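To start, the structure under review is shown below, and the notes come after it.
A, B, C and D label the chains in the order they appear, each numbered from 1.
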Amino acid sequence: MPPVLLPPALTAPPAFTVRDPGYEARTRESFERQGAMRTLGARLVGLQPGFCAIEITPGPALSQQHGYVHAGVIAAIVDSAGGYAGFTLFPSDASVLTVEFKLNLLAPAEGERVVAEGQVLKSGRTLTITRGEVYAERGGKRTLCALMQQTLIAMHGKSDA
Amino acid sequence: MPPVLLPPALTAPPAFTVRDPGYEARTRESFERQGAMRTLGARLVGLQPGFCAIEITPGPALSQQHGYVHAGVIAAIVDSAGGYAGFTLFPSDASVLTVEFKLNLLAPAEGERVVAEGQVLKSGRTLTITRGEVYAERGGKRTLCALMQQTLIAMHGKSDA
Amino acid sequence: MPPVLLPPALTAPPAFTVRDPGYEARTRESFERQGAMRTLGARLVGLQPGFCAIEITPGPALSQQHGYVHAGVIAAIVDSAGGYAGFTLFPSDASVLTVEFKLNLLAPAEGERVVAEGQVLKSGRTLTITRGEVYAERGGKRTLCALMQQTLIAMHGKSDA
Amino acid sequence: MPPVLLPPALTAPPAFTVRDPGYEARTRESFERQGAMRTLGARLVGLQPGFCAIEITPGPALSQQHGYVHAGVIAAIVDSAGGYAGFTLFPSDASVLTVEFKLNLLAPAEGERVVAEGQVLKSGRTLTITRGEVYAERGGKRTLCALMQQTLIAMHGKSDA
C-alpha cells in the first residue's frame, strides 16, 4: 500500500494550547506507571503537544497464532499513544481515561520495530478525539499496519499521580 | 479546533492503481442510483482515484432536535464518500458494500455547506479501508465536525449497474 | 443467520432509574423536532426506560445503488434509537448528543419494514453507552441486518426543548 | 449498572452449523500458539460453537497508570475471545484474522478475575461478526466493564497450524 495524500485541512501545522508547561515530565511519569507497557516491552519514543509515539520489538512474547504481533498488542500501544497524546494537552490536575477506540488492521505487523503514533484531532474540556496509525518497519521500509480512532475523557480534579 | 499536522507518512502523494479507466463515469452513475442521496439533496462534488467528496446544504429537512445536521445524515454522506472513494479503484465488474464504519462527532454541523470527504488508505482485493472527514463551512470558515473510519468489501463478478 | 443466545448476564431484567417521570412525552416531543427523521419517514414505535425503537418503510427514496436501504439511513435510525433510549433516563434539564457510534452491516435491508432498536447498557452521569440492532421484516420473517455500539453525552442544564 | 434485558430476537438459542467436528482441539491448539496470551497470563476458559471465554488475573503486570487493567489488555483478551468464537465455526483448512474491532470501556477492570466473552452474531463464508463483553469479578459480584463489536475474515485454504 502506498503512502496517502490526506485532504489539505489535515496537513496544516497544529496549534494546540499547552495548559501545563510540565506536560512532558507528567506524561512520561504516567507512562512509567503502566505495568502493561512494561510487560509488553513498550517504549515511549516520541512526545509533543498532542502527539505521542510508542514502539515495541516484535517477537514470540507478543505474537498471535501465526507469529505476527497480536492485534491486542497493537491495540494496547496505539491506545496508550492516543491516550498520552491527549494527556499532553490536559491541565496538571486531570487524569485521562479511554472511553472507546476502534482499530482496523491493514497488514500483518512484523519486522524489527512496530511503532504506534497517536495524534489529537480535537481537545475539548471533557472529551478528546484522537487518531492513531501503527507502522511496521523492516530493512528501512515502513508499512502502515493499523488505523485507530479514539475518544478520551478528562477527569478534572483527579490528578493522575 | 485548529488544523492538525499528521505524521509524514500520511502526507506523501498517493499512488493507487486505477484498474478501470472508466471509473469516473461508473462511479457517478452509481451515485445517481442512490435514492437516499437524492432524498438528502446530496451532491457528488469531488472524485479522484481513491477520493470522493459529497456535500449537502443544512436545513430543517436534515436536522436533529436542536436544528443541527442529524448525525445520521452526516453518517450517510461520509459513508457514501468513503464507499465511492473505494469504488473508484475497483475493476469494472465489481460492486461495493459497506462492511462497517465508525463515526465520531466533533462539532455541531451547521452553516452554508457541509462536505464529507472519503479517502482510501488501503485498497485490497477483497477489503478496502477508508477514512473520512466532514467539514461545515460558514462565511469562508471551515470547521472539522466529524471523523470516520470504514471497511468496504468488493463483490467481484457482480457488476454494480 | 440464526438468532443468538447471549451470555446470561445480558438477559436479566433491566433496573434503570427513571429520573424524569415525564420521560415519555419529553422524548416523543424531541423526536418530533428531528426534521431528518421526518424526511426519512421514520416513526418512533417503541419507548421504555432505556429502550427505543424506530421504524422505516423501505423504498426508492431510502435506497443505495442496488435498491436496498442505504447504510446511512440504517445509521440514522439506529443512531436516533440509541440516542433516545439514553434520553429516556436523563433528567428533564439535560440534552443528548451522540459522541460516536460504530455500525456493522450484516445483511441487505429490504422488506415491508425495517426497525432499529436501541438499548442502554450503561447510563452514567456524563456518558451513556448503548447497543443497537436493526431488523428487516418480510412476510413475517425477521432478519438481523445491522449491529451498533454507541456513546452519548448528557449536556446538563441545557434543556432539549 | 444493572444487568440488561436485550430484545427477544437476541435471546433465542443459537443454531450455528459446525463445519469441523474437531473445532475444539483446533481452537485450543491455536490459542496455545498465541505468545501474547501467554505473556498476559490469559487462559481459555470457555469454548462452544460460536462462543469463547478468556480470563486474566488483574495485577501490576497488566495495569494502566492507576492500577486498573489496561484498556489494551482488555482489548487483547476480548479480541482473542471474539476471534476464537468465530474460529470454532470455520472449516478445518481456514485461518482467522481480525479485520477490525471497536471497544467501549464502561467501568474500571479490577478484582480477582476479569473474563472476556466473545459471541458470534453472523458467520458468513468470508466475514464473521462478533460481539464481546468483559466482566470484572470481585467477591462474587460481576461488573460489566467493556463492550466490543468485531469483524473477522476467514482465510480459506490457509490452515492455521
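Just so we're on the same page, a contact is a pair of C-beta atoms (placed from the backbone, for glycine too) under 8 Å apart; a residue touches a chain by one contact, two chains touch by 3 or more.
On a predicted model such as this, the values are computed, not experimentally measured, just so you know.
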Maximum centroid distance from chain A, chain identifier (CA atoms): C
Mean-CA-position distance for chain D and chain C (Å): 26
Between chain B and chain D, centroid-to-centroid distance (C-alpha), Å: 32
Of all residues in chain A, the ones touching two or more other chains: 99-100, 102, 104, 151
Topology of the chain contact graph, where touching chains are joined (line, ring, star, complete, other): complete
Residues of chain C that touch chain D when the two form their complex: 1-7, 9-16, 50, 102, 104, 106-107, 117, 119-123, 129, 131, 133, 135, 142, 144, 147-149, 151
Residue ranges of chain A touching chain D (in the complex, touch as defined): 30-31, 33-40, 59-66, 69-73, 75-77, 79-80, 83, 95, 97-105, 160
Touching residues on chain C, where the partner in the complex is chain A: 99-100, 102, 126-127, 151, 153
